[in-house]
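Shared chain: subunit A. Partners: subunit B in the first complex, subunit C in the second.
So, the complex of A and B:
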């Protein structure tokens, strides 16, 4: 819906029902927790990713892997993950067991039950911080999904490396909305990490697009500091660690005024503990100084000394408009931790062995709401780049939000739109769909603007769209040069083949004519061709002098 | 006599083989020295043709192209050239002569590890043969490849070839088919005042039936369109040895004019051999643009097409036409009238009109174009 229409609609609703108060997810869940949790889950499972046989299994792995990575990084540990998908019973039983193990910090005994047995018990919810998971429903959601499809509890083993290893079988008490521990074992040992193992029914494992294998492969691409051992019902693949630096920890950041919209301001103001609008602005937004407050005061017709709880829509609107007239310092990007160009390139080289790879990490920007973001784009070409299909290689778009793969709903994603807006042919990419090309796009932000609660595609925010385009075009200028060279090499190869085709016949005829040894002539002719065109194309040969073929005037 | 002739042949064959072997040795030498093998080739295109006003011949210029093995545009033709050269050596040494199309089939085979053939058609092999002829300065007949035979002769002349004599006035309505290789044809006796070279074979047949040759004491020769090499060479031999003037009778259109110019001055393609083929003292009896009014043929003309006009414009630029007021006038007149006139249009008067009136009137009155 266009912004204008939204506003109109909002205004209309407000006229009838009073100002709309944005309901946060927190409140939403508070309400629901009082009713039946499994009912809530059943109603909302599509938003939580538990819909479709393939997608549900991928979602389970996503939730567990994401938790492991975040935990390892927060504890400063280089992640070592083991992901295992086992088939239970017959092939068409649609019954699988998933085990994810990490070498993370483990979960303290006091927290373990809640982490797995209670929805929304996460530590990341609504912090203005760049993390993979955001709603804290992950691990417990998987536990609930397991018990709903198989009736079985989830096995969790956790050790903090300090002498104690805890093993539990946990379920959710859906009526109480509380964890239910079936058995618990505590033993001593130095093992550190977390292992989660659950069974699911009504799911389907596939190695193809959108399956767990692809999920893990993409995770490896965006998290090259991670080693992942992946075992599916048929094979075992190890994605080796490519870099040894743990990504820097992101810090929380506040919204930037240049992107704050009226309703964001209104909500922030009403939740603020500040006594005056002026101090609210300084405290809740970034880059607002006393000087800037004075500038703002000149642009609005109310006193910034009033309580922020009292400001109304029109006043918030004035503020938002004033923000747009003032020149701001760029937002601090401390909250945004990119993967980095070098690291992405290393990761893709290791994963795809491409002939060309280049990554670009753009400077931080904000999109509406004052939310900082930055874009990282990479392109890998040839080698194992591209998506393998029975008909050959196809273009592959790897989408990530804060390093987490977005496997579903690609059609609605801003990355797809940006990719399609580019005139690829101009860059020697003749037929994008059918090229051996992998396009990597990672959006880093404290708040990713997903199109829906399914969190699988990024909304088409203009600033994000433009940044992706710019980054792509920057890389494409180099790809163009590479492909130009490749094309020339292909042409040389083509020429070489033409000469090779005529060598034997030429030598044979000359032997008949002169009595020279045929083999000598062949060898010498081959040497001439290879000296000119090279056996491999590591070096550019001397430019061939083309001579105009004599005329073809035919009179007889 | 025969042994002497055989000795000459043998000597010529040895020379040919020597030329071919030298050609191969030079290329093999370059290859062994790891130099890019190439051979020079006179450029046989209009850009390298000049019109020698004094000799009245098309003359090939000095411009040389090089056919190089290490050039993608040349390498196929390079291979074909050495292939044809080696085959010709074999033909000469085994005492065989092949036809142009036979050569093509003899050498056509698929290349190793490829779908391509050494030659895809006889145009390819024919072109390479022309090249080799020009490059080695040697006649294709001496390479033991016969030019395509087409065209015939009729009249009071007895010829001898391969040990048999034949009287060309006693060959029914057909005439003697002139072979591609005519060097060994000998004239036993003849009785004629001139040679009439006729473009169209149907016209030839008309003139034979009307006994034009007998009544006008001439030899009739046709090339069935453009005169092929054998016919041109044969006309040249008769012209030189028997001192017979040559009169051309062709269509009144740019193609007829060009056929005449090839007969008289030589062709662009074979400019390197002009002095063996061209008959500079040849003259032109018809059809002319003036004939249309003179003989009231306006209603049997045909409208010029765009390609015809294009061809006229090209010919207006050819030095040999440009140098002649008469021919420039004819070409311009044709453009002006916008029509062309065929030899056989004369049949509109009556079938015998051409033999009884048109030709005798014009030839006796020496109404020729130069």
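So, the complex of A and C:
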């Protein structure tokens, strides 16, 4: 740049930028730092669900309980959980101790420190598998939250049943991004399970909505193979095991071609041990046959005989585009393990003693073209169904993803949208919001499409929305009959009362007409009414062909 | 455990756990992995805002534009931005190239690779300062999203104006968790600024709501010191600079005692260079005087003369509890830099040419007992105010946090709640939703209380809610007068039309009565009406003491 131009520029800059002193890039970048992931989450603990006094405590319970259930399921063990919430110090100290104990497989000595003392470390992150947890931040996140609010480490005891019991007091060293072990004991013993105990401040226990009690109650509803002993600052409740069958072990499922993006495909290819792209496709994706490979070959401009390690972005992109042009069988559903209709009905009967209960487990389907899911829906009516409020029973929507309760952010959830789209009145549900009804929805999928990092709300994928609606409507046909019967029974009860009320009067009138004794006539009339409706008017007679008018009786 | 007990336990376990083969902890933990933060965000890109085709593209623009504005503000430079969105390939290819260029301070050679090629690296994470960005994941997150959707690196050119211009093509090596530089050139030259250019697939450009155009338009509204040239696939728009003053440089503010938690206090103390806790408190927190130290000393059971490096959790906790018992002055507001009433009004006039515009910048206040904030609200009415829809104008709520537009998740935002709490009808706004009105709300704070990781919605803190309401109501008193005037003008216009309509008729009648010429009478009557209301009926007369009846005119 010429000297003159420079001066002009400088003058222009000064004119435009005024008297504020400019600061150089070098000066600004003196503040440049790298932070590790534990510092990041310590600053942004709301990303992990630690926001609000009640929600924070519920999140702790959620993380520990889901880890226990996942571990038992993977290990093939019927879970036996003890959950304890104790208040420490004064009533308004907002200081609690949470202990969760399971009879799961335990954690090997080599892994225990990182499971609890390091974020982003775990067994689930990289696997395409139906489990409740996914990230490897649940347990260590709770440890971080404990130390941030109380300065105290978390106590963990774990045994694998093979002779060693390990006890540690663990924290996260946020500066080093590594576990900090304050105390470790190894004993011999055959106890199997994991016990985690931690203190938290600035949290609040509530038995009401969205609190730990509700979380555990919902967990029991969707996991009736689990026994949960729950002790809160006031009471102890045991949610007994309702079924004795252990759920099938979840299996990893291979990605389906129509759901694979270029980026993932390239990652898979570069990690593959196959010698040819063709065999890589057949072995590491689902539903790819030799015939399909031939179809794909016609759609790409490179030889599928090359090594998958050698393919580049543009080639992987060609594959991904070819996949979209081919007709695929839906992914196999063996990765999806529903609770099952009978089991859900048993669980809800045990939990709610409803007058009506029915569950529907739908067939597997796919959303976004490639991700398998299935929907389970149940409705329980009357008895203890519905949500208890000071003003009486209200409708309760119990939402689950892979059997884990979703207590927060219900407004944005596909389940809420599907529920609201139903014309409930058509099914004799006159005022949904104020009925003693529990609606249970469980989404089973190897990949739950949450709306946000909070993992409390399922995105409105059209296929999921429709499946929930179908399942609800299937049940509603039966609920309609039940409620219709209930309504008719109520009407008959009303009629019976009217009849009974008029029997003495009618008898008096007939006495005058016929001269027969009033008492005899009353008995005859009563027999007439009871013969017609039964002593218990709430039961519907086999057939009810025509309405009985009051006149009919007095004419007899 | 005795042998007998063991056998009993085994039998019990078998009975309970049935035929499913148990899997040991060791086997399960073969799957144990540690992942790095880039793998974590690659799997959970929705945490960074990359969800949905439109939102993803808007997020890219947001990250790059806020970085540019922050850098200019910190460096004391009047920003000059060029934002370009180009469509690549076919119309429905969902493939775009985004380029953002600024005249900011540039990035030093030593830092440029990590700024774009590593997550959680930046200048803002650890500072208590009013800036748009906070985490050090914006720029590198966009680079990650680009490579995940196109496989391509991001091109960056940066010059600090001091003779070196650096050009790199950068990606994230997600396996190594480090930057991957594909190409680097260093030239000499005095160009100053940063240019970032990246391609994305699976995204969608829209000129409509929540798209990049709206984002840039809103940015211009809240940053009228910025010139933005915006080029989309069809047009080019220039948002001219409306004010020439550079906003004050944001300064770091010290934490206020009533907002400090034990954990943070301990961190601060252990990093302090002070020799005594007392001087640490005075120097590193705001509003702590020698008098306050004496007050604190009475509330804790240890000597404030010890080294801050030596204090432990329980001592830090005592301090934090003592802070809560002491009356503090509110934090100084010098960390808070509002846009200012005049500037907002100028910006909205330039953007919307409204008939009415008024802004209010409220005094600083604190929420949650310690975090300073201030609220700026403006209302623009008629002209181009309001949101354009095919059905006509609708009310538009423009939300900002530290001048950065919040386009998504408006439903859960405190601004929406505050707006809806107002009885608009009292202020002559008859049907808020369908009025040509733009409501502008900007929250300024060193810590914006977002509801979630998405950073699009502000939590309902009571103090913030009330401040927004107050500010709105202050303006609404003026809007009421304006709309009242508008309404009366409309009524007068209506009346004038009626008068004019009846003038010939009245003249005819008067001709018969008085014998005067009809034309003369018409002229006289017209003069009468115009004298009363003026030729332009929309202007209100100085005083309008009583309604003029039609009869008054004809009696004249």
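Keep in mind that, in the parts below, the second predicted complex is superposed on the first by the 388 of 556 C-alpha atoms of A that agree within 3 Å, B and C clash if a C-alpha of one lies under 4 Å from a C-alpha of the other, contacts with A are read in each partner's own complex, and residues count from 1 in each chain.
Going forward, a contact is a pair of C-beta atoms (placed from the backbone, for glycine too) under 8 Å apart; a residue touches a chain by one contact, two chains touch by 3 or more.
Bear in mind the structure is a predicted one, so any value in this text is a computation, not a measurement.
S.K.: Is A:76 touching the first partner subunit B, the second partner subunit C, both, or neither of them?
M.R.: second
S.K.: Could you look at A:391 and tell me whether it touches subunit B, subunit C, both or neither (first, second, both, neither)?
M.R.: Once the two structures are laid over each other on A, A:391 reaches no partner at all.
S.K.: Which partner chains sit in contact with A:509 here, subunit B, subunit C, both or neither? Use first/second/both/neither.
M.R.: first
S.K.: Quick one: classify A:433 as touching subunit B (first), subunit C (second), both or neither.
M.R.: After superposing on A, A:433 lies clear of both subunit B and subunit C.
S.K.: Would you check which partner chain A:528 touches, where first means subunit B only, second means subunit C only, and both and neither mean what they say?
M.R.: first
S.K.: If you count the residues of subunit A that each partner touches, which comes out higher, subunit B or subunit C?
M.R.: Ranking subunit B and subunit C by residues of subunit A touched puts C first.
S.K.: Between subunit B (first) and subunit C (second), which, if any, makes contact with A:499: first, second, both or neither?
M.R.: First partner only, subunit B.
S.K.: Hey, what residues of subunit A end up touching subunit B and subunit C alike?
M.R.: none
S.K.: Would you tell me which residues of subunit C are touching subunit A in their complex?
M.R.: The touching residues are 1, 6, 16-18, 20-26, 28-29, 31-37, 39-40, 43-44, 46-47, 71, 74-78, 105-108, 110-111, 114-115, 118, 120-127, 135-136, 147-152, 160, 162, 190, 202, 244-246, 248-249, 261-263, 266, 312-314, 316-317, 450, 452-454.
S.K.: Enumerate the contact residues on subunit A facing subunit B in the complex.
M.R.: Touching subunit B: residues 495, 498-499, 501-502, 504-506, 509-510, 512-514, 516, 520-521, 524-525, 527-529, 531-532, 544-556 of subunit A.
S.K.: Taking the touch rule as given, give the residues of subunit B at its contact with subunit A in the complex, in rising order.
M.R.: Per the touch definition, subunit B meets subunit A at residues 20-21, 23-25, 27-28, 31-32, 34, 36, 41, 43-48, 65-76, 78-79, 82-83, 85-86, 89-90, 111-114, 116, 118, 127, 131, 226, 228-229, 262, 267-270.
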